[in-house]
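Below is one structure, written out as structure tokens, with a few remarks after it.
Note that the chains take the letters A, B, C and D in the order they are written out, and that residue 1 is the start of every chain.
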Amino acid sequence: MLINEATITVRYAETDQMGVVYHANYLVWCEIGRTGLIEELGFKYADMEKQGVLSPVINVNMTYLRPAKYGQQVTVKTWIDSYTGVRVTYGYEMHNSLGELCLTGTSEHVCVNAETFRPVKIKKVFPEWHHAYETNKHNG
Amino acid sequence: MLINEATITVRYAETDQMGVVYHANYLVWCEIGRTGLIEELGFKYADMEKQGVLSPVINVNMTYLRPAKYGQQVTVKTWIDSYTGVRVTYGYEMHNSLGELCLTGTSEHVCVNAETFRPVKIKKVFPEWHHAYETNKHNG
Amino acid sequence: MLINEATITVRYAETDQMGVVYHANYLVWCEIGRTGLIEELGFKYADMEKQGVLSPVINVNMTYLRPAKYGQQVTVKTWIDSYTGVRVTYGYEMHNSLGELCLTGTSEHVCVNAETFRPVKIKKVFPEWHHAYETNKHNG
Amino acid sequence: MLINEATITVRYAETDQMGVVYHANYLVWCEIGRTGLIEELGFKYADMEKQGVLSPVINVNMTYLRPAKYGQQVTVKTWIDSYTGVRVTYGYEMHNSLGELCLTGTSEHVCVNAETFRPVKIKKVFPEWHHAYETNKHNG
């Protein structure tokens, strides 16, 4: 199983008046993790879009254990938790600079036609992605 | 069970290049729903913070069924799905202008001391909130 | 001169760890003001986009006089400060619930073809908008 | 004059339905540039806040020449355009991966007491910052 590690420097704009990172912003970091993982697999999400296919999120499940703060660097680990040929679930873990676990989570995605938003089969449309996902998924 | 209904006009800034609302932004709308629900119960979240207590999110679980779009109005329904005296789980449903279901989700929250981020018991610190949550929760 | 008044309830997500609204978020409120002004003139920005024309920002100039805070409502006044047939400059003023002036600003916009991002003449492509802008601009 | 160069990878979340970066997000990148410049000068903005001083924005003036896009890397150049001992104006230039100029801008900042939001004199409260700003400002 391939695990991507991305390092995020917390932006001031990402904090809220609690003095910690606003909870929705971790979803943005998950996306950075996914993008990095996809690049490690040899692909680019932007290229998928250029071919008229989008990969929207259909579920997110995030558990917040400890807030990240401005001035910290956060390590985002991302992997393919499961893959069915149609649906991908990515897994995430985030640690702060002290090595403390801040977040665990998953996000599920499908691929859809950019015009119609109707589902497309990854296996059929992007056979090379399919192969890479099969090979690198957890329990793959 | 009390259900708050908030109407959100989609902001241009909330869209992404898929041409739909970026998935993290629904979490912001959930927060608007919670705030409205709390006000319907007779309280203000801002007042809780003034008393030195914060209510961070400890879990979100969102299922995206249909994307919301710029130019639409979205109705956010929010209710207290469960409440334990320490932990609150809010439930959410969002529909677009056509009455189509866009999202279902939950978010879990605790209360913590603003300085230390250590948990406080809602029942003890805000007995009136406790009473209102007990009375208005789902299966309450 | 037509002046649109929009009322914004400050969102928690819009604050940062200074305990006030993050400065970039006022630009989003300006957009809400513009959208409202355009609707008061009888048009919809979303319709312009459906016809393949976008109206990107080419300059913003914002002066921050007093921070807006969570729990406040902010009134955004928006008007057409100048209009040349090609370029529109909107003017803005924002006041908090206490009637205190928080921000004054302007934003400049052109219209471009959605595919090529090349400029289009408002006067030519949207003669009715042109007329409304000429009539309602400051010193119009 | 010291010029900081920061490289920003455009985030999907930063785009809007025009298919380009939403204009308010460039302000966030300016902040990353400022933070980097301050670090090159040997300081940390987070440390200033720890000493009870904030540095809010009092003006931004941004000219958008060309949109940045998802999949691009943007170089942000930041320098001290002017400094009066009380007020700092930073200058910015952003180029996309093709070396094309996307944005020029400035932002003005003062320092204030974190509790009262009343101005403090940088020269007095942070003499070392003052010295570094005097030395490294444009025409310094």
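Heads up, the rule we're going with is that contacts are C-beta pairs under 8 Å (C-beta built on N, C-alpha and C of every residue); 3 or more make two chains touch, one makes a residue touch a chain.
For clarity, every value in this text was computed on a predicted model and none was experimentally measured.
Any chain bridging chain A and chain B, meaning touching each of them, is among C, D; the list is complete. Both chain C and chain D derive from one sequence, and where they touch, over half of the residue numbers involved are common to the two copies.
Centroid to centroid, with C-alpha atoms defining each point, chain A and chain D lie 29 Å apart.
Centroids of chain C and chain D (each the mean of its C-alpha atoms) stand 24 Å apart. Mean C-alpha positions place chain A and chain C at a centre distance of 34 Å. Listed for chain C are residues 12-13, 17-18, 20, 24, 27-28, 70, each touching two or more other chains.
On the chain D side of its complex with chain C, the touching residues are 17-18, 20, 23-25, 27-28, 49, 54, 56-65, 67, 114, 117.
Contact residues on chain A toward chain D in their complex (touch as defined above): 9, 11-13, 27-28, 31-32, 35, 44-46, 70-71.
Interface residues of chain B facing chain D in the complex, by the touch rule stated above, are 12-13, 15-20, 22, 24, 70.
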